[in-house]
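Shared chain: subunit A. Partners: subunit B in the first complex, subunit C in the second.
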Partner chain A sequence: MEKFHSESIGATNVENLQFNVPIRRMRRTLLGTVPVESPLYSFHPVTRFFSLILLGVAPLFIDTPELNVLWIMLILLLMIYGRVDMSRLKIYVPLIFTVALFMFSIAILLPGEDPTYIPFKFMGITIYYQRIFWALVSYVRVMALLFGSIQYFLTNRETDMLVSLQTLKVPFPVTYFVGLSIRGADMFMQDMKTIREAERARGLDEGSLAFKDRAKLYAMYMIPLFTLAIRRADEIGNALFVRGYTFAGEVLGGGKRTSTVMNLYQFKVRDTFLCALQVGLFVTMAILQLKFSQFRIDHSPLNAYFLSILT
Partner chain B sequence: MAPIIVLNNLFWQYEGQEDFALREICLKIEESSFTSIIGPNEAGKTTLVSCIRGLIPRSYHGILRGSIEVLGKNIADKTELELAKEIGFVFADPEAQFTAMTVLEELAFGMENIGFSLNEIKERLEWVTEMTNIQDLLDKSPFEISGGQKQRITIASMLALKPKIFILDEPTSMLDPLGKDQIINILTTLKEQEAMTLIVVEHNIEQIAPLSDQIVLMADGKVLKSDSPQDFFCDIEPLERLGIAVPHITSFASNLLDLGLYEPPLPLTIEQAIGPCRLILEQRGRE
Partner chain C sequence: MVTKMTTQQEGAVWELKEGEIRQPGIVHVVMTALFTGVGIVVGALGSLSVPLGFISAFWPGQAIQAVGSIWYGMWGGIAAAVFPLIANSLSAAAPLPVSIAYMPGNFAQGIIGGWAFRFFKADPSLKTSKSWLVFTFGAIIVPNIIGGAWGSTVLRMFGLITPAAHLVTFAGWVVGNSVASWVLGAILLRFVSPLVIRTKAFCKKYWA
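== the complex of A and B ==
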């Protein structure tokens, strides 16, 4: 029997536990699959969790769109480093376009009123520069937040998230609730898929339905979905009961609860360094923007260029 | 052997239901025995094992009368953790019982709740994964594997706790023939190697009867019959009236018995029937 390669789970002491697990090529993550030999897995889940905080939240401090574009490029490079199948990002293209359409439409159609706005004509429509540029700033920021989250959820599993939260001393019932919620969302989607497939098997052609009828159809899904969700909650409750789970997470004899999966991972020196670096960078960015406004729009060369043309 | 489970005049009515789901249940189950509970649908089999496990009345509302004693103590006096350690329970639908996103976590979850040390968890994991042949699945999601594998994982997650009493509620009902055989093999191994008290609710009598020390027949919330397999099948007509599928070889021998060609006890397996059948053929040859 082959032993699980320690790198494949990012834990050097797996072999000490001597679980006879074979090598697997791909690992299913929350949003896809990633090769088990991805270099990202050599880092502790906490290190990866801090990357979510940094990459997924720090763009909120940045108004300068150029910096957020660089931020997105950094995230994409990290995905390539993590051996993510970049073709999977195609599924997010409709989302990227929808968000753009929504944000720019609002900026064009509902600009509001301000005497300082600089108007210009584009295809016969009056557009106000400040509104459209702010829409661009917000859009790029949202994209940075989106890609930061995709990067994390595409390369991590629910287990990684729970291990990181438990390492950060979040109480077990809380981490377990998070895990069950993620699982619940996944099951909800699976149930919906099953119901839709059953409808198609009975000859329903969604494509032929008018928008109103399609909306009605989706509303009708809610009844079986919620019924199933309630039944599943009952079943999981029973399953937890027979496994001796108590809400407070107490154990027989009042001792400390062991976490088997936490012992599969080792927090190495480089993890300490990277965590400190990421937290430091996050705090620095927050201070630079909140106290010194270093990432405001005025610092954008693109903004300066457009203003020079329009004024 | 001393009874490990004693049900005394047990009645149970689910809240909102007009009739009692269980009525006048008096049953003793001996330690380290293999008890099969059979009966038509809606007979009260699942309700009965839920009472033994303590799911009733803890997780369901209703009226309970009578007493349930497990390991010499009323079940109402036991804590949830004590119950989890002493009584394992496997539900019919394996997917409905998963509480974690990897098989390893699923197996370890119960042991962590009970408070086992890491070394103990490690030892038990090795034992249980070998016993149920799921060594290759530890890193997988329990939702990604076949039905038979899923049920083996739920069995393993309970077995890892090494409960004194292990209840399986229709463990093969949602499985294909291969999956059913694998579960029966695990039950056979458990009966042969472990001193557990096994209680199995099952429709697959053909495979389960030969393993049983006691078979309990239920219908309409009552225990109609409780006997050793040989005595249980001595009269198969009432069973067939209830729609209970008697093992084919038992049915065949029963027909021979009616013709005066077979001597009791009735066989439960082909192996048990070979000797008597050979004798009949030899006698007929001489005649």
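== the complex of A and C ==
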């Protein structure tokens, strides 16, 4: 298997020389890894960025919980199509449960007062139907919004985000800022890992520490971490200065700034079509809800069913 | 350890020395970006640590907001407004539209501390009792009250909490932010400020 110098596009490649077994090449994204051969990478980063706007914002216009459940299923199917490592989603399981617990508890314990609320008893507790159904509507909508963002960060890298912003003609200082922020987060995590490994190499056994001591230890990690970040900022600032970059991102002496990363991606006809489709869908959904109220709770079959039982 | 300093000595860190010229430069943009990166990690980890629905019982990210603004003025305020957007998306603590609506509150959570330290000429290294008071009230309690009021109102406007739950959510926000941020912020200011003050990125005014 040929050696692949992968740092420029962030792919990782592990050779198994002993067994000559083909290893799947993975590309590191903002949240996890995606195979290099993922079909999602055949689309331009701008197309994928528009999916963040559509999938991560459009559920705001939908009140009917059935539609938002379908929306979530669509997002999950998209992740499966993109060959995302679905086990990465398990870090969100506690959050999914706590949000549900929080929202439904609030709806039951602090429903507020409204004479139009329909009360019913469940296990001896008086629950108001409109409040609990609205909690369901809000919960499903929040999950749809969250999964919309998660799918983007699970399938895209910092480079993809930068290319999409540059393609959309966002000013260079902003795109540079976004790219460096995300890169800075990654560097911070790597530094933290290095410091912890150095402590372990010096004989520290974190597992034997009491919770209070461990909390103190983690807090004190901030000192070397911030010292490294500050030093790095100085080095990067000096590096940009000697390369002639100005505050506004222009090149000293004029001329066009080269961007080799933009040449890695081609905007195809189907990208134009998909971007137009996504924008059109977003606008249509906004108009259908804001002007014609097509996604209101009244149109929910589930709502109609529950009301028929209670009234 | 609190030492006796005169008011003049304490406030000297904010005064420009004779002949000193400070201007915004690319190092400030870089520092803001890196601080945003730090905030993304701290914020995301805080949100994932003890989630209570839309608020976290432990969110030390506000320390990054306050400390960033104390050291870097408006640049820290920009980082304070921007990093929760990405941190919330990565940790799924809040949907993107809600995070965008949070931005003014997050900006306030950062910049108020920076303003308080400059207005009261408090020492960023927390060497005096006055600076500790300004830090506790001006950089932690008051900003979190304002941020909590804004954030809980945003949650209510999006229909994610009932009006009856507004006060409980507000209280949880303030307590969850304040306790964690006071501890982390104190460590950062006490031990890292002496280094930061010597760098050219440190802002004596708001932009340089």
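Everything below uses one rule, namely that the second predicted complex is superposed on the first by the 225 of 311 C-alpha atoms of A that agree within 3 Å, B and C clash if a C-alpha of one lies under 4 Å from a C-alpha of the other, contacts with A are read in each partner's own complex, and residues count from 1 in each chain.
Just so we're on the same page, a residue touches a chain if its C-beta (ideal position, glycine included) is under 8 Å from a C-beta of that chain, and two chains touch if they have at least 3 such contacts.
Note that the coordinates shown come from a computational prediction; the quantities given were computed from them, not determined experimentally.
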{"item": "Comparing the two partners subunit B and subunit C, which touches a greater set of residues in subunit A", "value": "C"}
{"item": "Partner chain in contact with A:Leu225 - subunit B first, subunit C second, else both or neither", "value": "second"}
{"item": "First, second, both or neither for A:Thr159, with subunit B first and subunit C second", "value": "first"}
{"item": "Subunit B versus subunit C as contact partner of A:Val242, first or second or both or neither", "value": "first"}
{"item": "Which superposed partner A:Leu95 touches (first subunit B, second subunit C, both, neither)", "value": "second"}
{"item": "Partner chain in contact with A:Ser149 - subunit B first, subunit C second, else both or neither", "value": "second"}
{"item": "Partner chain in contact with A:Ser181 - subunit B first, subunit C second, else both or neither", "value": "second"}
{"item": "Touched partner set for A:Asn263, first subunit B, second subunit C, both or neither", "value": "first"}
{"item": "Interface residues of subunit A shared between complexes with subunit B and subunit C", "value": "180, 182-183, 186, 232, 236-238, 240-241, 245-246"}
{"item": "Subunit C partner contacts - residues on subunit A that touch it in the complex", "value": "30-31, 52, 56-57, 60, 91-92, 94-95, 98-99, 101-103, 106-107, 110-112, 131, 134, 137-138, 142, 145-146, 148-150, 153, 173, 176-178, 180-189, 192, 219-220, 222-223, 225-227, 229-230, 232-234, 236-238, 240-241, 245-247"}
{"item": "Interfacial residue positions of subunit C with respect to subunit A in the complex", "value": "24-27, 29-38, 40-41, 48, 51-54, 82-83, 86, 89-93, 95-98, 158-165, 168, 183-184, 187-188, 191-192, 195-196, 199-201"}
{"item": "Touch list for subunit A against partner subunit B, complex", "value": "1, 4, 9, 17-22, 24, 27-28, 157-159, 179-180, 182-183, 186, 232, 235-246, 250-253, 255-261, 263"}
{"item": "Residue ranges of subunit B touching subunit A (in the complex, touch as defined)", "value": "53, 55, 58-59, 80-85, 87-89, 91, 93, 96-102, 104-105, 108-118, 121-122, 125-126, 129, 135-136, 138-141, 143-144, 157-158, 161"}
